[in-house]
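One chain, chain A, links the two complexes that follow: it is found with chain B in the first and with chain C in the second.
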Partner chain A sequence: MNKTLYIYFLIIIPLFSGKAYAYPHFIGHGYNSCITCHYNPFGNGPINDYGRSVSGTAIAGRDFYDENKPEELIANETAFFLKDYISKSLKPFIGYRGMFYKSNLGQDGSKVEFINMQLDGNLVAKFGSKDQYIMSGTFGYAPIPRSLKNTPAGDAMKEYRSREHYLGIRPSPNWGVYFGLMDKPFGIRVAEHTSYSRISTQLTMDDQAHGALLHYSGTSLELGLNAFIGNLASKSDVQTKGFAGTFEQTVFEKNRIGASILSQKNTYLKSTALAIHTRSQITYGTSVLFELGQVNKTPVNGTTPRKENYALLQNHIKTKRGLYFLNSMEYFKNSLDNSYKVRFGPGLQYYPFSKLELRADVYNTRNFSRDSNSADRWDLLMQLHAWF
Partner chain B sequence: MKKLIFLNLFFLSLSSVILAADTNTNIKKMQLALDKNNPESVEEIYDNNEEDLSKNWMALERLALSFERRNKFKEAVNVYRKLVSPFNLAAHKAIIDSNAQKVPENLYSGNKLPYYYYKLAFLNAQLFATSHKFVPETERTKFKKNAEGYLLLLKKVNADENDLKLVNDLILEKIKVEDQMAYKKSWYVLFDFISWQDRVYLVDNVTGTKSPLLSTAIGSSIGLGKKWSNAKYEFNIEGMYSMATSTISNIADGPTYQQSSVPVKSIILGPGMYYKAFSDKVFVGLQLPVSIRTGSWLAPDGYSLQDLKQTGAGYFFQVKFAVSGIFIQTRLGKIFPNPASHWSIGALYDF
Partner chain C sequence: MISKMSLICLLSFSSLSFASDITVKMTLSPAGSFEAKTTKVHGDVIKSGEKYTAESLWVKVDDLKTGIDLRDEHFHKHFNSEKNPKITLNNVVATAGKGSGTLTVNNVSNKVDFTYKVISDKKLEALLKVKPSAFKLPEVKYLEIGVDDEVEIVTVVDVK
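Take a look at the complex of A and B:
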């Protein structure tokens, strides 16, 4: 049992399943803050009307449109397909992600899978004279992480569940407070939930927690403080309680520097994470993200604590409208096994038109250890993401 | 006799009137062709009546316009030059000879020299701006000098500032573009974190059996390169010296063998290129390196190591972007016969 739980916490997030839809690299398009396009102030989840327009007229390509089609018409088409029949206060959103995954390329154990990572329905209700009240609820299919299958933790999970629901109040454009089930604000919320910066910090696709979030967004400063009590839908022993905080300061207009802290604890593990990060626009549409973090994990049962260090460098290059080249490099070190890993991940991201994203990534992972040696691992991931 | 002279003069003047009437008709036809956006007909009319029309400035102006509309700038220039000289030779010479910044108004108020000067400056600037590497340098220089010369004359005849700016900008823009497209040489230094894997064989000295070993190396590199770059491309040749430590072990059946922190050194040389299609700060490219590597792995008693020194060649896909005067560069590729990828991340500085 203890071993199972240890594995659960050591590899809490299985590779290659679940959702991922935060796009912090769009600082390259001049969007410093997530709240410009998302209802959730730290991104993730459904996008607002403005975000939908941006996705169609700045992010997605024009390859499949008539060259004379005005951008205004494209922007109009980014709306939910039943928008004319739904009140202005109600904003529905449907999202799907599926992935073709070929692991261990060129090796004997190579496997091919297609994974339905996400099928969500979401409804946002806005009300108040300035839309200062927001209710957002997301419900849908989310696969049981493969490392938890046939484990008590996995058995306790349901394949149809809510990953996010909250009530938000923004008494002024600068300040907001949110209550409900949300992601914890920490570091750069990159789309790849398999990145070490999200695995090590335990902030992947199923790590939302019920709590309260305070958000401030000023001219150049943005911060968030989150106190949480765990996901109340999960078993009580794995509900993580604690707090998280992050801030970002704009420097030289299109650059942001930030720092984050996260402290959380459940029946089995206490962890504290610290990170610093930068996000910068190199040129219009092209950005670079960098995060450096340390996570201290102390098992409550008194076994050896461990320290994990990670680094993430991700370059997002706009080659033409709608087509991006990604170049990621990650580092991860766990103090217990005296080894570290480096992962290279070149990839392509293509938005042929609004509401569709196609992505292909290759990951080359190499282990460095004084005690053992292993061949590189290569993985191919091809993803389809559609939303309405 | 007097009657004969009178009749002769009468027919002569009559034929002149008829001729003038024909010329005016042809000029009207030329204008009509221009109005109907049919500039080819203008030249046709001119060619059929060249003897008469070549003496008429109105016909020549229309001919020049027809050439302009068809982007036949050289032909248009020749026509405008005729309109300047011999049609306005005296005034033109006086303007050239004058040392004044602004010449007296009477030299150009009664003629269309300012208009012709502008056309000649603009068209020569256009010829210069649209010239390419297949246009002889002497001709390109001539276009530029002519444009600048007519600009000076334009200034003397009190030309509109916007006209002057337009021509000047055309010339400057071309100079700027040519400057950007010209390859400039420079040197750079680079510092990289680098990693690769080697295949080494453990050979049993008695049986001659070879067992494959895998070595994983990580270290740092310093390098020097020379590059030739313009606004779109960058070509380089560089050399790097890498110092790494490696862990080596058997990964298949055979004798158990493991060593760690073993020094490995390599020299990597080769040409490469970058493409700046997306931005002047983002570069994507390919490097074609050859490498010489030596490792200080030790063989246990009774065994020897094969491939302690190895030469190889391969490719790197590479990306770099500019941040505050330095470039951050990542490379991912393969050097054959190494069994795995070769990658690096580092910084470059141009000097």
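Take a look at the complex of A and C:
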């Protein structure tokens, strides 16, 4: 990469951007599709044996290993509890995410919390002559979202539940069909469930739905179509029914462009979302993601409909094996009062060794409204992500 | 704000290539890709009128790097680099954007055709596609991820 661009991405973008981190960034390592490393073709959930090996030998650092430790041994240690791929058909996985959160830095109302965000156990079973059948079940601790606490919807949720379970059939490497509880394919599936691209579209950590998913992955084209009937474990009035679709096309070798559509409805709200996005490898290990979307929301009770617009720009800059700068800039606008928000701030992501991710982000959020002024808000998030 | 973000995105939205002299591009199955690169290309390309010739162009297999150490180990082993350390392209003749030569990989030689374009008075960029199986290289499979049996080679070479 020429020096100017290197300086641009290393220094200038972090100054203008905010949070980021997410595994769609691994297009920077040449992995333009989630299915190479994940069982779910659109990512999330457990990683397969190849993904484990890549996480240990390409993504994670080796600062804590003896310099003579063979990479092959590191790859083997990425298997479940150090077992060297003990079973070809059964693949267990355990994942945990916890976060230290300090809100409103420097303000009187500043609070400190530690949140156990996720503790999941997962088992994948693969069978068939070409492993064309797959069953995946995830169960674990999932806290009630803060916004739903002490509400009827929150009271109806259980803290121990499944966020994903499905049966998949891939008659060929290119085509797959999946049935069960899954995330809806839409836009760039960034890891941050608080990003506007996920909040506005209602695709956060608890918005999975039962349904059917068709997936195609070709040399340069990837697409997914999903029809869903809501999470059948939740109350019927909040079960969201509809469809979602997304596609990505590789252009200029190391870039992907895509578009998505989502239409869903429950007893209270009907919404339609459209988005376009790009993902680009800049140099090996470094990437940029961009998504632009619009969501139209119409309350079923006849109150005023609203239009929401969002934009997301994230980069992921590899400084050395295991250590990344993560930055994003987000924009969100609500047509009801013409207010808008801008959020940005740098982040640091460190994989000291296989199976451990440490991340620290500082977020600056600004609210702009015709009717009121509010001070800048600064938040600190430090996250621990471990898996076995 | 949006326009700024779009500008930044557009700036990044190009396939940026650098001064690598040879890049071997491989596609993973079911998805993904990787490249092996080296700047150490040996041999000379000579221009005579509109014709370009080279007696022998070669790289060491072990000089090709993929960005992941373990993948490098597998890559070099796959090419049997201890026994056959070089990849060579001999008897190269090219004119009017097309050329041919004899490619030797894994001690197996095959005639190959390629296309090229003139980058400057001193540089050519050539593109050739080969099937590893034609060079008796075994099918690649690592933890159920394979490599397609078509490899693209892009090389930028100096012209004398």
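By definition in this document, the second predicted complex is superposed on the first by the 360 of 388 C-alpha atoms of A that agree within 3 Å, B and C clash if a C-alpha of one lies under 4 Å from a C-alpha of the other, contacts with A are read in each partner's own complex, and residues count from 1 in each chain.
By definition in this document, a residue touches a chain if its C-beta (ideal position, glycine included) is under 8 Å from a C-beta of that chain, and two chains touch if they have at least 3 such contacts.
Worth saying up front: this structure is predicted, and the values here are computed from it rather than measured.
Contacts of A:Val288 after superposition: both chain B and chain C are touched. When the two complexes are overlaid on their common chain A, residue A:Ala58 makes contact with chain C while staying clear of chain B. When both complexes are overlaid on chain A, the residue A:Asn327 reaches chain B alone and has no touch with chain C. After overlaying the two complexes on the shared chain, residue contacts for A:Leu313 are found with chain B and with chain C alike. Once the two complexes are overlaid on the shared chain, A:Glu77 sits clear of chain B and of chain C alike. In the superposition on chain A, A:Ser372 makes contact with chain B only, not with chain C. Ranked by how many residues of chain A each touches, chain B and chain C are led by C.
Looking at chain A, you'll find residues 280, 282-285, 288, 313, 315, 329, 342 touch chain B in one structure and chain C in the other.
Of all the residues in chain A, the ones that touch chain B in their complex are 280, 282-286, 288, 313, 315, 317-320, 325, 327, 329, 342, 344, 346, 364, 366-376. Per the touch definition, chain B reaches chain A in the complex via residues 195, 197, 214-216, 218, 247-249, 251, 258, 260-261, 277-282, 284, 317, 319, 321-323, 328, 330, 332, 339-341, 343, 345. Of all residues in chain C, only 1-2, 4-6, 8-9, 11-16, 18, 25, 27-35, 67-71, 73, 142-145 touch chain A in the complex they form.
Interface residues of chain A facing chain C in the complex, by the touch rule stated above, are 1-2, 5, 8-9, 13, 16, 29-33, 35-36, 48-50, 53-54, 57-58, 71-72, 74-75, 85, 131, 173-174, 217, 219, 222, 252-255, 278, 280, 282-285, 288, 290, 292, 311, 313, 315, 329, 331, 342.
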